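Naming follows writing order (A, B and C), and every chain is counted from residue 1.
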Amino acid sequence: MTAPALSVRNISKTFGTIRAVNDVSFDVRTGEILGLIGPNGSGKSTLFNCILGQLPPDGGAVHVAGQQVSGSRACDLSKLGVGRTFQQLSVFPQMSVLDNVILAGQEHHGSMLSRLFGKPDAGLTADAEKMISFFRLEHLRDELAGSLSYGQQKLLDAAMAFMAGPGLVLLDEPAGGVNLTMLAHLKERLQTYNAEHGTTFVVIEHNMEFVMSLCSRIIVLAEGAIIAEGTPDEIRSNQQVIDAYLGG
Amino acid sequence: MTRLNKRPALLLFLLVLAILAPLGHGNYIIYVLTSWLIFSIAAMGLNLTLGYAGQISLAQASFMAIGAYTTAIMTLAGWHWLIAAPVGMVLCFLVGLVLGYPALRVKGHFLAFVTLAFNTLVFLVLRNEDWLTGGSYGLSSMPRPDFYLFKTLKQLPFYYFTLAVTVVAALVLWGIVRSPWGRAFKALRENPVRAESLGVDTRRITLLAFAIGSAYAGLAGALVSPLVQYIDPGSFGLSQSLRILLMVVVGGSGFFFGPFVGAAVVILLPEMLRFTAGYYLIIYSALVIVMLAYVPNGLIGIGTRLRERFWPQHRARGDLAKGAQLK
Amino acid sequence: MSQFLQVMLSGLATGSIYALVAIGFTLIWQSAKTVNFAQGEFVMLPAFFVLVCTKVLALPLWLALIVALAVTVVVLGVLFKKLVVEPILPSGGIPLTIATMALAIFLKESVKEFYGAEAQPFPPLFPSQTLNVFGAVISLQDICNLVVALAIVVVLTLFLNRTRTGRCMQAAAQNPAVAEILGINVRRMVLYAFLINGALAALASFLITPVYLAKFSNGEVLGLIAFIAAIVGGFNQIRGALAGGLLIGVLDNLTATYVTAEYRAALPLVLLIVVILVRPQGLLGTSEGRAV
């Protein structure tokens, strides 16, 4: 049996007297799309930040593909094959779309010195173009990322997260602020990518429709703890979840 | 796409202009032009640190001092400039690494403060260690580089020598800026958190930007030494560092050619404002504040903005057209 | 031993004045995220306002001090905020920092051109007698400076912690968004911070100029020491800035007397680098606190 793509064990985080995350443990199987949902203030973002090393957890451990990663810097996590997107727009606005995507891959190729003396594009132009086409942004290749629409920037953000060929991608509210057409497109692309590459996804999302139709398994957080876990259908009919969302 | 074909022509034109500029002028004008080139090199280095990687360094003058004193001491001891100058640059690079490491472990404005302190420290060492630096009297009569067939003793040949060095320095920087390193520098300036999550070791890349920028100051210092043939601690004080910083900002930080424009303004403005006598610095500093309020992108930024207004159809390459939105 | 006492005391006296400057610096940083590189010049300038009042307008010293204080608060408090900080802050921290550097040059050169480049004697506020305590020669001026500077710090601390306005200021600095929701006028609180900074600079100027003489370039050293005191102390705390200021004042005097006079000016810089290396959050700061 291989190690799970992501294993979270007994993560806790307190801010002052508030327990934002309380002893949370779960595993994510390789190749699955896991949704992490919960009402506002349920500790989703804090948990995400603890997993990604942005916040030091008070206790517990995080393993990626069997490797202990708690306390790692974000750039090291990226080298371990963990990609992520951000809740806010997170592209490099004054660089071209192509440069954005090349940057996302270049640190995973060659040594520090080869990146100074080697090719300006680190030999990644073809790969980057493929990734840009995958998200159907090819007509925008040479535009500045900052001039793209909101939805296009979200797609670009995802393209960047995938560029290094990560085994695990954490998506932080990918649907936030994206219009319906773009949303359908994004979901379809994520599912296709998952099917083609077997990449594991963890998705934090507010948009229930989006999560329910994208994910194969869903974990529900409330007040810092897991209150339910199961397939979308099971979650939909779970009384505890309904209570939590209706402010029970 | 016509634009890309125009660019080499424009650069060639500027280069020819730089070659013709000193002809028929007296030694003083040639001297001013030479120091414009030298300060352009120092400002180019700081532009990498500030404009591309988004870090304030206030020690550019003290790195110039390290380059200048190293070159002076070595050439006075009989070494050739071609050996002395690289030694000075490597020294600056290493000192930059050592200085930047602690500062960049902590975020925020720490590099500014540490470099500020460093500038003063270097000044004190230069003034107090007479045995090495000649103390407040400084060092003098450094030889100018001699290339057998091409001697730079006279002002005009020295100008061409400096021009050649400047062109090489600019080409190397151009290479760095468009390499993956350059892309990482820009990413760092625009969104360090995102860059880090994509595997960019932001700490290391910032440190490198700072050290390379410092090495450029070292090169500028190595040229100052034979140009003025007299160096003393006073020429490398904090105010000189501020001057170089303002060159970068006035020219347009993050624009490749910003430093040349900025250095020209800072070197030539005193000549143009000579009629204002002592009020020059007052007017100048007030202009900088006004400029930062209305056009934070500097003079090249104004140029780009005007061009986009009147010729909106052509879009220059992103990395050239857009400077740093300093944040 | 008696020499040691003397050195300590005069170190504390100058250190307490450094602390005033450093406190103003941290107030501005906290409330408006402004790193004021002209802080030293802010201390240099008020002394010249006093000189203009006494020499040109022939006012008595006490009135000159009051007028200079008022002018300083308006020029370096209100005008600084309206003309420099507000227009530039939207384009980011680095342009603003550079603008304050340009402002430092502007103030320095203006004083040099419009008043004079020579160091001017400045009327002492306190008798310059010396006392003989256990064989140590102690200057009355030092003692008065120390007492007055500490009194100012105490008053300021009481204001910030015990009055409604003071607490609102702290809330506004720590979390402007929440403070706004609680009905605090954040813009006004920020303005208060600038006013207090102006007043602190003026008071520090009145205390320190009799010792140093009034010169256009006084700010260079003072500004640097104030930054260092603020960073060494923890950057975002009044007691940190106070401790940092006193520490630098004392260490500076001790080094000059017992170690090396040549590298006296290097001491604060070395202290800065050591603190950043060993304890980047400052001597009294907490690492969590810095993030705010």
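The rule is simple: a residue touches a chain if its C-beta (ideal position, glycine included) is under 8 Å from a C-beta of that chain, and two chains touch if they have at least 3 such contacts.
All figures in this text were calculated on a predicted structure; none of them were measured in a lab.
Student: Shortest hop count from chain A to chain C along touching chains?
Tutor: The fewest steps needed to get from chain A to chain C is 2.
Student: Measuring from the mean of all protein Cα atoms shown, which chain centre lies nearest?
Tutor: If we average C-alpha coordinates per chain, B lands closest to the whole-structure average.
Student: Taking each chain's centre as the mean of its Cα atoms, which chain lies farthest from chain C?
Tutor: Of all the other chains, the one whose centre lies farthest from chain C is A.
Student: Once you find the CA centre of chain A and the CA centre of chain C, what distance in Å lies between them?
Tutor: So the centroids are 47 Å from each other.
Student: Determine the centre-to-centre distance between chain B and chain C, using the mean Cα coordinates as centres, and give it in whole Å.
Tutor: 33
Student: Averaging only over C-alpha atoms, locate the centres of chain A and chain B and give their separation in whole Å.
Tutor: Centre-to-centre distance between chain A and chain B: 41 Å.
Student: Where in chain B do residues touch at least two different other chains?
Tutor: As it turns out, chain B has residues touching two or more other chains at 325.
Student: Mind pulling the chain A residues that touch 2 or more other chains?
Tutor: Chain A, residues with two or more chain partners: not present.
Student: Tell me, which residues of chain C touch at least two other chains?
Tutor: Answer for chain C, listing residues that touch two or more other chains: there are none.
Student: Enumerate the contact residues on chain A facing chain B in the complex.
Tutor: 52, 73-75, 77-79, 83-84, 86, 90-96, 99, 102-104, 106-108, 112, 115-118, 120-122, 142, 144, 160, 163-164
Student: Enumerate the contact residues on chain B facing chain C in the complex.
Tutor: 50, 54, 56, 102-103, 105-106, 109-110, 112-114, 116-118, 120-121, 124, 128, 238-239, 242, 245-246, 249, 278-279, 281-282, 284-286, 288-289, 292-294, 296, 325-327
Student: Can you name the residues of chain C that touch chain B in the complex?
Tutor: Going through chain C, the ones touching chain B are 35, 84, 87-88, 91-99, 101-103, 105-106, 109-110, 112-113, 220, 224, 227-228, 231, 262-263, 265-266, 268-270, 272-273, 276-277, 280.
Student: Going by the contact rule set out above, which residues of chain B touch chain A in the complex?
Tutor: Going by the criterion above, the answer is residues 176, 178-181, 183-184, 186-187, 190-191, 193-202, 204, 317-319, 322, 325.
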